[in-house]
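Please read through the structure below; I'll follow up with questions.
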Amino acid sequence: MAGLNLAKCRKIVRAAFAKGKEMGMEPLSVVVLDQGGNVLAFERQDGASAGRFQIADGKANAALMLGKPSSHAMERAERQPYATDALNGVYGGRFVPLTGGVLVKDKKGVIMGAVGVTGDTSENDALCAVAGIEAATFFAEA
Amino acid sequence: MAGLNLAKCRKIVRAAFAKGKEMGMEPLSVVVLDQGGNVLAFERQDGASAGRFQIADGKANAALMLGKPSSHAMERAERQPYATDALNGVYGGRFVPLTGGVLVKDKKGVIMGAVGVTGDTSENDALCAVAGIEAATFFAEA
Amino acid sequence: MAGLNLAKCRKIVRAAFAKGKEMGMEPLSVVVLDQGGNVLAFERQDGASAGRFQIADGKANAALMLGKPSSHAMERAERQPYATDALNGVYGGRFVPLTGGVLVKDKKGVIMGAVGVTGDTSENDALCAVAGIEAATFFAEA
Amino acid sequence: MAGLNLAKCRKIVRAAFAKGKEMGMEPLSVVVLDQGGNVLAFERQDGASAGRFQIADGKANAALMLGKPSSHAMERAERQPYATDALNGVYGGRFVPLTGGVLVKDKKGVIMGAVGVTGDTSENDALCAVAGIEAATFFAEA
């Protein structure tokens, strides 16, 4: 797994938080998953509620499992709510079809992992994920 | 965990029941969770149905995990039913987006735990939770 | 369900705590389940650790599901550890084969419910459950 | 939750890694949980295997749920393997009875959270957790 190492993860998390601060957002929580959906790093800002890991993780995992940002899963959920039930079930609960789960790609478009952000509006969460990914010189698909 | 001790929990449960009796409500069940979502106290009134623990617990846990009363989760569930499915999944089934899961805060606004009430209408359930929390000299966010 | 009402549950919990205090035990947690395994009442004493509900509940449910105090399940677990794995699985995780899950019977020997206690040694936990059940004028099978 | 904020979590994680490096250990993974068992921070060092989050999390959660470091759960597992099966079940799989889940206490002995470390021997994992906790000026119970 060239590239998405711990130093890069830290850059992603810090830059996502910086974006949230710059825009005056609510306290955020940010997870970085590797391309297999396993957790690399997570941080929850002071003031964020207790259950934020699961939401961030579920957004990022939704992106990775389907190979598309979680915004796609959200669009589909609007049309086919039963798809959400089923996918949440098959992935053992690790599936949150809300915008904010963003793919991390290298310059050739290969998926390196995913970032999940929660705490503000779903659209703002995604902005922070993108800011983090780009600060680490990867390419974001939100 | 300063404050939300067993003596306070008993006050909350008793005052919630008293409110229900005063208003002629159906038999109630009341749970108190600590700030991390772990169970501190629960009582089910005579005549309440068998599965009330899980509903009270799921309302209170929904409030704690998201840092907002379960009435917020209910409003969102009306708009985005798939969000409920997903959150129920990520929290291992402990998520009930119905009014009646109320945050317990201290005077600085810090979350000390949550109270979940079930048995009557959701709005009445929340009234009882608030009455319990205030009787224990905490601040309720319903 | 004549008999195991909320007033009786409170007597059980209070008398179990009194026994623990009298004998200088660690902080206790006590659950009372109805004959179907559904939660009637629970209290966690100040100083008890976060995850005590699940242990108390799992002991009492083990007693009810098999119709024998959890001490029997513990004896069997010593001989057949794989039985524990299987029973924990079939009961969805609500099965703890440790002494301290005690049956509540009426004078005819009919099972009215079960009490689960955790916090001190398993043997002491069971002593407190028995003390609670007898204080409520039921018969204990430990 | 006074004290165990994100700045402290980062100190814990960095100092745990520093201890591992100093002693020439294998790549480590470190989680910090709040007192209710919810995730505050996690980092996995380069070269660590994919499933390290769950082990670190399960060790730290075992410590919090029982109010004792996971080394106690390990000792018990040696004597009563069925207790491990049952506790893993009641905690929904988040229970790993291996040394390396260490309690974070304040100077009054109040539990503030727990740290879980995995990657080297269990004893070395615990050494790193302790080093992290003490670097953040908390008290460790390993």
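Each chain gets a letter, A, B, C and D, in the order it is written, and its residues are counted from 1.
What we mean here is this: contacts are C-beta pairs under 8 Å (C-beta built on N, C-alpha and C of every residue); 3 or more make two chains touch, one makes a residue touch a chain.
The shown structure was predicted, so the numbers you read here are calculated from the model rather than taken from an experiment.
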item	value
Same-residue or different-residue interface between chain B and chain C, half as cut-off	same
Where chain B and chain D are represented by their mean Cα positions, the distance between them in whole Å	30
Mean-CA-position distance for chain D and chain A (Å)	25
Distance from chain B to chain A - Cα centre to Cα centre, in angstrom	30
For chain D, residues contacting two or more additional chains	34-38, 92
Chain-chain contacts as defined at top	A-B, A-D, B-C, B-D, C-D
Complex contact set, residues of chain C against chain D	48-51, 54-55, 57-58, 74, 77-78, 81, 84-85, 88-89, 93-98
Complex contact set, residues of chain B against chain C	5-6, 9-10, 34, 36, 38-46, 50-53
Chain B to chain D touching residues, read off their complex	1, 34-38, 92, 110
Residues of chain D touching chain C in the complex	35-37, 64-68, 80-83, 85-92, 111
